């Protein structure tokens, strides 16, 4: 079987990570990444031997690369003409415009969580609805928060048959490389109540009832979810069996916080740096084992989300779903993660 | 009627504020404040004309003031001998030892939320159980968080007759004057799940069912509560009527966040500084009007708590309860707040 | 003598403080403050009984107050017509336009440090050049940083006769009430080297040679200056005598940091809150006594600047200079500070 | 030639990085790392196939590993017995005790900047005094700050023949993995004036006259130095030639901040993550090209220091100096950096 040819449209925070992850797989390859113009980000593409294309098809914008050290191989149309699927990592709200271009070029497409579900009418999370996405023309990998919720809630739902959830999201206010945004010393509630974050889970697993509240806080490194899940009568679970369930779920790390001195997101991220993936990324959701408690039918727990990277392996699995490479989501997840680990880890 | 003689044992973050508030009332007076030794805090007592006593009765510790510019009028025993009631603002966990001293001196006593309910067997919040505390020998004013929860939940409970609550507390990790504690860039979940904060409400209003989760975040100025309250069938409330209820509840400020550009705790605290109370304090709980939403029987809302000051007026009301000065809690609250406002405000 | 009639054009962070300070003096009065439209800030003006005018003379903008609870007495022109002097506290870079209006109305004017020296050709700091400003038509009170530098450098210069200074400014990145600006976790150097801050001192004391470097850091409460001053040969000073000089200089607080446990700007601001001025302001510059060291001819020291308030009393003195009320700067400073203290302090 | 056998005593923030860097070289190997007991850090050693020894020789402490998944091969003495040189990365102030053990074992030793110069009487920086350390028995690699200063000042000194420097250090208050330390919202001056940081440069290059002031600020990711260097008359340099000098100096990155949108330490660290070294480390000192300015004889510039990693390659060069492997420092630096880059980079 020939490898799937993947275009990355937008080579920023998410795009650069997705490109690296595609490059690490043996059943797909990066045929090109796009930049709006010659800038610092191009260096990384050069270092990785990725062909650079211009985000636009405007000849002037393409020509802007000529006086730079970076070679531009053409416009977006040129890139699409040699691609099987495009992963759209452009900076939010360009979805409608881009989708038209992808459809015109006859190329399948994957959007990110910054776009709305209504754009594609279909969303994706590996553990939730891989098979529903099998062979689809276009879909959307849900946001970092929604992905994180699915990782722990879907196995719970599948055991219980029903689930009613409330989640309070304590969100990092800016990414580590963003020095513009505040607040420096404040907590900012998202006054739209309930927030859009929780219900987005229902785009990949409609059977889970969920609402959420959200606040932003002055930190850059991870979101934390404080979750309350009501299980149905007769769930048959205990605090211990829930922990065991998550320990055997893919892309979930369950660790004792007090025992390992991992009591804040700072220590979680430090552990991630030790693992040695590029950018210090943590694709897995981190659950504090000693922060899980089932009281009657109500389950309480905390989880931490690395907002820059948990969706990266989901994009890889999503390529396999759309391109009909692997129908079994668990097999895809294993293949993805093995490649990323052997590639990144030291 | 002669004024009630109040001793303040411990003149720190809470003690200095309580002393000022007692001093502003016409039915009570500060007969002395205690310090462990001559230090910067004594200057404020001198400025306010409060007599200084030593926290200890040890002659050596009392003598340590002699070589300082601050006059010490004696030990704790001396202070208690001229007091009717003592407000214990000492730094946590000295309750048991101190209670014995107060009882030996035959003086009524009020502890703060750092002590456990079991110390006194009785706790206090103005709006929850003023009358249960009437004439009591000793009690405990609950913590800033518990006080804040009572302010909005008790009126709700009294309307509904029952209430089931989950609260996620996003807590400031250190006070503004504390430069030692972190984290600088992390979120710290309280791994004891559920946390002790919510259930503490039941020490003043046992009929409210409540649990809580808590995280600490890198800010110094306020706690935020994200609250989910399940009302009983037939509650007859709407989002609007809940807002009206709180607008007419004492010590609750309800303001539109977007409309007034008060979208984070930074702007709430700035508004408090404008009001002009000393230390920029905000005794009231701040509820974002546009963050309240009742969906069916489930009510969602956010509130912000000024951790340094919301319990201050509660201590004043509590003196009136213990000393049997005023049986009607609303009258006490009004008297307290009028005095504090005319005293502090410009 | 009748009181001087002062208009405050712009009633924000600086304007609200200046208005309060004018109001506290017996030789001047606030005849009105301006707002662009009816908003939350008007409440404070009402509370203080200040007449509200519209920043603009546009009838539509003036009319916008009609449907609000706030009474607008007219436009800027109306306000100027009953004023002797206007203190311009409008948000930066409107100076040229506003100066024309003031001149047309025949009203003297005082601008803030956000405007350039070239606008007025004259700048003001109480301790540096009060007499040069005596009777002037228009001037500019220098910025918080420049004011802070003048407070400690001018007495030093006056003793030594010459002075060569390098200052590194570690600046708070946003004010406490500003939740928009970052960075949350970074240090931002001002890449224009040397920075404009230091040389601005030469607009009020041209004989002091000074340059500066600046960085912004993730804190909201104070700037810190790390200063190196080269004294001329034969200066005759010692570390101790420099400290004594500053202790006797107005609006400078010199305190031992280790001894008083005031080791960061957090504790300095907490001390300011204890003093009891509105907003927890600290008009004085704070010098750490144990951070001063003279080695040969080179003097090292740290000082902290409360960016929101150190210029407030300077504006009062400046009114007296322009209106020829008090020629002696020290007398004006004493009068200003006594009034502010008796007014604010409890 | 056989490879040099290196022991790493202490496998924490610095130790884990040094071990990786030794492992990447072809002329030395890690014969073992020490831990006080079985803990999370051991996992990383296992993953890297490093033999684990106990920091102590106490049989009970060694035995504590038995019930853990980690195999302990013996005590420190056992490790030293198979080592040629030990790199001491133990947590500060254990130097004197450890040095005795190393001497008893007849093993050469390298300490870190947390120990004083007086312990070894000799200090090390690759670019400053490699040859003075050639063949030495024991030395100390200077701190991250001193290393950073040497990188830019030594080439400057070597060109000019003399140099007088003042540096203000704006220091990160805690490391990224440390959630305990504050301040959250304050600036903390180091009241010992001048601070010890600058003069430490003189332990490796005594000819450079230097003093420093230091403050700690609420960030975790990098130190920033604001530097003023007085060059001697006739230095013959310009802003441009200084920049060129540093561009050709090892382990210094000079980049335009505005042009590359790298205006704070946040963007510098993001660039480091893109480079792809483990932990997102940046061994190089980052100088903002547009923040360099030579005015007459006075040079102003800013540089940023990755406190966790800039000393790592220095330890490798230092092994070569002590073990007399490579006399030419530039050759050692090149060898070290090539190995680290090919090893880490993707």
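Letters are used for the chains, namely A, B, C and D, taken in the order the chains are written, and counting of residues starts over at 1 for each.
Methods note: a residue touches a chain if its C-beta (ideal position, glycine included) is under 8 Å from a C-beta of that chain, and two chains touch if they have at least 3 such contacts.
A quick note: this is a predicted structure, and the numbers were derived from the prediction, not measured.
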| item | value |
| --- | --- |
| Any chain in contact with chain B as well as chain C | A, D |
| Far-end chain from chain D, centres as C-alpha averages | B |
| Comparison of C-D and B-D by number of C-beta pairs in contact, larger one | C-D |
| Euclidean distance of C-alpha centroids - chain A vs chain D, Å | 36 |
| Averaged-CA centre spacing for the pair chain D and chain B, given as whole angstrom | 49 |
| CA centroid of chain C to CA centroid of chain D, Å | 43 |
| Where chain C touches two or more other chains, by residue | 176, 178-179, 183-186, 188, 218-221, 263-264, 266-267 |
| Chain C residues within the chain A interface of the complex | 173-174, 176, 178-186, 188, 218-220 |
| List of chain B residues in touch with chain A within their complex | 166, 168, 170, 172, 183, 185-189, 191, 193-194, 211, 213, 215, 217-222, 224, 226, 228, 257-258, 263-267, 288, 290-293, 295, 298, 300-302, 304 |
| Parts of chain B lying in touch with chain C, wherever the complex brings them together | 16, 20, 40, 44, 47-48, 176-179, 184-185, 220-221, 260-264, 266-267, 269-271, 273-274, 276, 278-280, 343-346 |
